[in-house]
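What follows is a set of structures for review.
Two complexes are shown next, each including subunit A; its partner changes from subunit B in the first to subunit C in the second.
Take a look at the complex of A and B:
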């Protein structure tokens, strides 16, 4: 399961697993303005990303992130370094 | 090969999911056919797809789709429950209409006239509680005595909630839906805040006494169900993720919510009369280890070896289900003779020939065999569950008889029991004496059939059958069975109405209403409570609101006899007429002409035009069929009886308890 290290792969995962219709530009859209997004998706995303990466992710920062790009930077590659 | 989930995604991408909603349940059945691997993850994914459905569009394309309205509220975040609940209900062909309350405000949601659920008519009201329900009321620092006081307070509040729900269900516009609570899990993060073992042990005891008292509330309130989370947690693992609990008030993991949703969906299904009635079992590698046709009776085992013992455990579980009214049948690709010989004589067998109401051992396709079994038992194909270890046979039945629920077994017999019980196919709100005696009754039914085949004519058969009927108000202990009869009877149900026990009790207590039950006997024994009549009196005469009759006793003149006696009594009481209604449902077309055959005339359409109103002018009343011995005690119809047209009730707002 490669895939979420680059932002495009991360967005693909969101489209398939959360059933969201996202364009590539939505990576930088404020989550409040993303169509179909609600806070429940964050809860699913947390377990999804931990399954996907096999690592613990910094939950609080993910919950507080404002864009998909920010979430992606928290979990791709250097996730561990970002943990509190 | 594409999986069920991929096909759902395709339909969604094409915007066809609503238009092809009838394909959803079969696709989900395919998806859950392989419990070992992907199903656990795929079902919630499917739920996510389906939760986004446009309900109105589904109903426009498939107007017959049953909608289940579920009010969801609770202590913490409850919205996460919607996806798994959507998926679990969709498996049964049910369409979820979720209404979410405000978390933390469950008392207000459920009981206030300003509450979100007021007048909603929810089929189920799920009130999802968690440990915080108690711990949020415990001061800091705390000890077991403080916790015990908090638990008492919560229990009192929940008892009040159940009582208020029961009271609302009994009011005129009450809907009688079921309130669902759950036991509260106690976690290590609670117990180990106490450092001494004695206090910890006391905490464990107090907590379980609270849960036990909660479970016992179901004895007092028939409209209440309490889901015990402990057995679910034992299967799913962690109760919560402390990070999501802390940051997002998610007190339960997705896996536990999925398990809870499955229980709730089976509850909804059973309340709609969709309880499965018959378990059809394969034999080779399902009931015993080995292939009878290859290895012979000496080469199969259900005891004595490690694998054999696993099959023995499975047989004992099946027998346990059978003791509670689940009819057992066999569909196996085998020759009939050796199969019967094994069921009679093989020393390993827990299940014997007499445990089965039907044994189909032959070489014809299984979809035809399950249809034959349903036909012989006089039940619908949708009342059947098939357990089979062969993926090919399961697929054949799923395609040829898609109404049949299919339990996937495989080559690991130690998992057979878990898989059989993974779904509550036979869940029922309450078990009655009739249930326990059902297998025996179906066997007696076979003797009746033999009498019928040996009799010259149907009239001869009825005379020899010596049918006796008792028609009277229900006795206290009969309400559970009465509710079950209204919920399970599909064919002889003239309006499709189903009632819950509290509603029936409220109607029986109202002197303006008529609630009667029919108990039948014949020369082979007691049939028990087999029919019911619901009616009410009005200025223009007696109204028959509905009649139910168990399909086991159709065509014995019982239904004609009961209506004939009601017409007679109505005439004797000087009433102007008897009115009745027929509303077609998916399954009651056979009784469309029931009222006209007894002299009723159609006088108009029912409110929305879906049904017909009928009227009997009482000028010519057909007699009770002569082969019937009918004992009718209908005080509420007798002239000068307790209700002689006067309203002596306190009124709906009266101070009744």
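Take a look at the complex of A and C:
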């Protein structure tokens, strides 16, 4: 990963690429309570993360995440696991 | 593949009916349900908001959704949540000739909503931006979805997650200005279908597809061959307000239901259990 190694970078990606108006606290907000967030954003995010990390992101696991922090953990965890 | 065009071809399904504070078209909703076994209802959030109940009245209307409503912190999310449930309950109350307060909205394991005790009528709910959409059917299963026709989807990397290989090739062959609205149409059809079968996005959208508008629409396999038959009906409409609305209806063979009064629509098992319990008390 690069710009999304930390949660702050991940939130910046959400703001700039998806146009979501998020505070830092929204990392821990239930996704159902995030204004503007929908299933299309979720797939767009998966695409962005795949471009960013260069690997396939499991959509099913992202669907199960309840917060942006959990999605970030998924991606960051996967990157660590894939590291040589 | 074409952009959504309110085709007159395809299965019988009435155009979405607008309701709201200024437009009360419940007679048309009831007529659609009688004629087609299905009714689509929509409202603008801004139209409903001034008349949304508050306090105890809202609590009574939301029923078990009240605690979920209280959990939502963002005012806009909370307001949309309440408005969509209220629209659904009023729509169901109108076709069932029942008090919306008495209808209990419940959710299946995958989050699919249903009216507890009224299994003969199926419901679906969608909202995007300021549009609220409800689908009702007595035929079997229904899923509905809506999205703005100008929402940017094509070229944003979504294709590989949303489309079958056949759809990707077909989309690419379209005129540039038709690609995005055509992809939005596909998206709403896939959302509607996956809601109807209770799968949501757990069912990968790249593993099933849809053909063009303008003739009966069927689910297709990834290579473009037919995947479902005439038991499934799909329609897409474009509203004047710029929303693309799709519905998927599964005909379980129940036939037309002419009497949708709530006393008739009570689940047979529930009615029998109540009758048995009353007999035991006598």
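Just so we're on the same page, the second predicted complex is superposed on the first by the 75 of 84 C-alpha atoms of A that agree within 3 Å, B and C clash if a C-alpha of one lies under 4 Å from a C-alpha of the other, contacts with A are read in each partner's own complex, and residues count from 1 in each chain.
Heads up, the rule we're going with is that a residue touches a chain if its C-beta (ideal position, glycine included) is under 8 Å from a C-beta of that chain, and two chains touch if they have at least 3 such contacts.
Keep in mind it's a predicted model, so treat the numbers as computed, not measured.
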Should A:76 be classified as contacting the first partner (subunit B), the second (subunit C), both, or neither?
neither
Partner chain(s) touched by A:19 [first = subunit B, second = subunit C, both, neither]:
first
Please determine whether it is subunit B or subunit C that touches the greater number of subunit A residues.
C
Give one of first, second, both or neither to describe whether A:31 is in contact with subunit B, with subunit C, with both, or with none.
neither
Subunit B versus subunit C as contact partner of A:7, first or second or both or neither:
neither
Dual-contact residues of subunit A, meaning touching subunit B and subunit C, are 39-40, 42-44, 46-47, 59-60, 63
Would you mind writing out the residues of subunit A in touch with subunit B in their complex?
16-19, 36, 39-40, 42-44, 46-47, 59-60, 63
Can you tell me which positions in subunit A touch subunit C when the two form their complex?
29-30, 32-35, 38-40, 42-44, 46-48, 50-51, 59-60, 63
Residues of subunit C touching subunit A in their complex?
71-74, 76-77, 128, 147, 151, 153, 156-158, 160-162, 187, 191, 200-202, 204
Contacting residues of subunit B [partner subunit A, same complex]
9, 12, 45, 48-49, 52, 79-80, 241, 243-244, 247-248, 250, 253-254
